[in-house]
Amino acid sequence: MRGESGAPEVSSPPRRSGPREPGRQDWSSWPHYQAAASGFRGYWYPVAFSSRITGRPTQVTLLGEKIMLVRDGGTVFALKDRCPHRGVPLSEGKRQFPGTVSCAYHGWTFGLADGELKAAITDGPASPICGKVRQPTYPAAERLGMVWVYVGEGEDAPPIDEQLPEELVDNPAVVGARIQRRTGNWRFACENGYDEGHAKYLHRTALWRVFKSMPVWNETRIERRGRWIYRVQEKQYWDADFPGLGTWNSQAWYKQRPPKDVTNIGNTGSHREVDPVIAAQEFPGFASVSMPGVLRIVYPTFIHYEFYVPIDAEHHLYVGVMANFSRGIRTLPFYVKYLGFVRWLFHGQFSAQDKWMVEITDAPPEKLYRPDDSLLKWRKLAEDTCEGRAARPKDGG
Amino acid sequence: MRGESGAPEVSSPPRRSGPREPGRQDWSSWPHYQAAASGFRGYWYPVAFSSRITGRPTQVTLLGEKIMLVRDGGTVFALKDRCPHRGVPLSEGKRQFPGTVSCAYHGWTFGLADGELKAAITDGPASPICGKVRQPTYPAAERLGMVWVYVGEGEDAPPIDEQLPEELVDNPAVVGARIQRRTGNWRFACENGYDEGHAKYLHRTALWRVFKSMPVWNETRIERRGRWIYRVQEKQYWDADFPGLGTWNSQAWYKQRPPKDVTNIGNTGSHREVDPVIAAQEFPGFASVSMPGVLRIVYPTFIHYEFYVPIDAEHHLYVGVMANFSRGIRTLPFYVKYLGFVRWLFHGQFSAQDKWMVEITDAPPEKLYRPDDSLLKWRKLAEDTCEGRAARPKDGG
Amino acid sequence: MRGESGAPEVSSPPRRSGPREPGRQDWSSWPHYQAAASGFRGYWYPVAFSSRITGRPTQVTLLGEKIMLVRDGGTVFALKDRCPHRGVPLSEGKRQFPGTVSCAYHGWTFGLADGELKAAITDGPASPICGKVRQPTYPAAERLGMVWVYVGEGEDAPPIDEQLPEELVDNPAVVGARIQRRTGNWRFACENGYDEGHAKYLHRTALWRVFKSMPVWNETRIERRGRWIYRVQEKQYWDADFPGLGTWNSQAWYKQRPPKDVTNIGNTGSHREVDPVIAAQEFPGFASVSMPGVLRIVYPTFIHYEFYVPIDAEHHLYVGVMANFSRGIRTLPFYVKYLGFVRWLFHGQFSAQDKWMVEITDAPPEKLYRPDDSLLKWRKLAEDTCEGRAARPKDGG
């Protein structure tokens, strides 16, 4: 039930016969998760706003792999960004013929759709190497105003819609988004996002919460439903008296009073009618997470998503998306709210507090406490789902 | 008498039966000194001016360890600067309750005096982890307007006054000091400070010496007394004629004439009455050094100290202190002299020449010459005193 | 005929019984070339303009070795730039006596011609170490307005004139030159210079070629004569129609029409009378290369040379030299042309395209194509000539 490393059994609350020093934990209990410093293969990842990918080749790095993106005839194509001839990035090149990209150095010309070497310009039309070299390609798609790339392992890519949050596939939505390259491993970003404890202390000073009280601590359980695990709030404590230290809360005269009942739509109490699309989902908890690192925070009138996209072991892309399910003229207030408010306070200053922590988190070793049950359940979800999918950064070949 | 490494026996002058190529030296003759790239444990080190340590937590690095310093109720406390929960520096946090510091991430709250986990705010007052985690602490003290921290190895810290230069403990003094973070290993800094040869050549252009002749070379012996080893000047040569090259000296019409007698208070001859406190010490030489890297240079009316504080293997803190033993109104000229003169010429431009050399020294290998006897004796002092005390930078745990 | 690494046999065109995937190549077929990341020993290298080497010591890095250059009595001397005493660079020092340099730290004074330790100033005239230490020296010479240094391996240096391009030794020439430190391995720079294919595609946009058409591809063979291998152009194709893609050429209404005959003086057709000195050389091809990385491009009225000088494994010195064999008043137009035109377009923007590629080339692995025969022949030349000469960066001693 317990490995020699002293890591706790994560599927049930630990029961001990007596008090004991909390164990120093490494991550060897989750070997695949531990190996996934550069992310998990076999998933679609958002990498850029659609408007940024044009007819001029661009390089992105995803799971440690350099990928050239270019738009041709309205469609986005993705190829491995290293010419096999001499290792020069294809993203330094140009399109010399429709449907192709030519390496800047010697004019090796690859088909965008299939990666086939169609011509080596400087060896003439009869170059014997043509048709004998095929450049690896990546499936690419566009959703939510962004380009998504699939990094797999030989197998066919599953349809991207099977991986997106279900409510975004089934319902028209208006979205506001922010993409930011950040320092720190993607797992720290995802663990921070789903972490039960930090919101109430780290974010106590966020302007986003300036008019809302926050609980001091909660009783919570984690519930799995389909691909997602949910944080279900069972009880919320808005005040606390710490023995020998004193009282502590995040209330103030200018903040809303705490709600009487526990809520699981939003974490400070629902004061509004819940949007019918959101209500129909019957989310059991306001915070949920799914592979390969997608956070969903449900508010009464919108849903906030965070995608933690592995660039390499030291960097990730933070992709924050806010979605609203209004239609027609009723989408206007959402745009006003997003551009005038949410973008700056939530995708801005609030999220910058998370960025700060992700940059300086340094684990393992670590000592976990009761609220970290959320974090342990996420690791278990990743571990169970992703056996063998940890990205192995390829050599230059 | 001689190890296989070819390093000379350092306690007596080498006697050889015939001429021989000077050996190329590594440092394996002084294994503990060689291992002490990040310093020796078991000592008090000055780390910051007292005025810089306030109620807001600050990080310093000492012997490769990150330490949080904070002042509470007038007293300075030092804790290991890594929250055991998720590795975030405690110096990013704040004091939420008197006598404690709370981690910025989840509000883990540690007692400053004992390091005990008093509360995990986001797990409520009954958090089972409280009292089960103890954060390592460091003894801290204040002397000479600076905060000192003891880095040990489990044992109790000795009283700091047993380590300070004796005359500073027993006599009231006025001091002027400079603290500067510098690149280069602390051993190069200390060896440079005590080095017999460099002062006469490297510092020949220092403004501090602009009106004073310097000897070309000296005959010197090293004498140990208590914790200190002294450079005793037996003979000074103010001119030299190098065969085949020509004459060389550092005299000039605008410089004082060299003294007739050898002096061991100051190194250019004593032209003043010696301060009674200094005279009472009966220092056998003007330059002395003691563990863990403290240099003392004795002048007629003041004493200059340099503390070489290991930050890590590539950096050290230069702490220059000038002390005067006058009292009352007679301290005024010292302040005037320090602020108007010493600070800029001695702790400034003169010391910058040493900084330059410490940055570019690159040994071993090295070939030592006769004046390096001072350096060898210092290494032997360190080696004999410090068996087993070399700092071992700890893992993140 | 074929190593297990799959690298092609380079001395004859590969003949295969059937089609086959081009092999992924490493460099193990050329083991000495592969080992020569920091260059080949046993050659003279240009390191600086003569005017830059004065009586003040200067440091250069060549084949990974730090070398002090200084001029004394009109002659340039080169010594290993590390004082054996404590590892301080001698280039930080000054000349205290004629014909010597003194280390800045303790005044160890070395003879420039023989490297002998003549004095250790701070140990007085009778210092026993004098005459027992000899600092390594390097042969140095001046040619073409530049300082050249020989890096060898114990043996005597061959006369520098045996290594310079023969026509520069035998004929007076006027030269214009550019020296630039560049990122990237010297072998990528040399391979780029001699590469048959890239000029026609990469440089199609160079202003240097704005009025000249370029071929799309050539038929070429490599011919060795003496120390040099030449690219002999057998047939040039000025237009091409790539199946399934379309036509491609680098012609335009404002460019000169392609010549009717193949030319081997210049690569776009010779429109001028060839200079008699150049004609007398009877160069079989317009591009040739020799050890240790010297490129020669022959035009009707001048010759352009590139010397790729290894600084270390990641950097090289680009030394571009343009030579003209006119005499007297007829040299004036060359100077005007060089300063007003060649320097900016050829040694400037054109060469910057090569610099760009050398920085981003990343091989092995690589897949070579037909025009890379030039590159393979260069590697074979280096391999056959330089067995055992790969530079081994020395330890600090």
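For reference, chains read A, B and C in written order, and residue numbers begin at 1 within each chain.
As a working rule, a contact is a pair of C-beta atoms (placed from the backbone, for glycine too) under 8 Å apart; a residue touches a chain by one contact, two chains touch by 3 or more.
Just so it is clear, the model here is predicted, and its values are computed rather than measured.
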item: Copies chain C and chain A - interface residue numbers shared by over half, same or different; value: different
item: Fitting chain A to chain B on CA atoms, where both chains share a sequence, rotation angle to nearest 5 degrees; value: 120
item: Length of the line joining the C-alpha centres of chain A and chain C, rounded to whole Å; value: 49
item: Set of chain B residues in contact with two or more other chains; value: none
item: Complex contact set, residues of chain C against chain A; value: 19-22, 24, 195-198, 200-202, 216-217, 237, 240-246, 248, 356-357, 360-363, 365-371
item: Chain A contact footprint on chain B (complex, rising order); value: 82, 84-89, 92, 96-97, 100, 102, 104-109, 118-125, 127-129, 132-133, 395-397
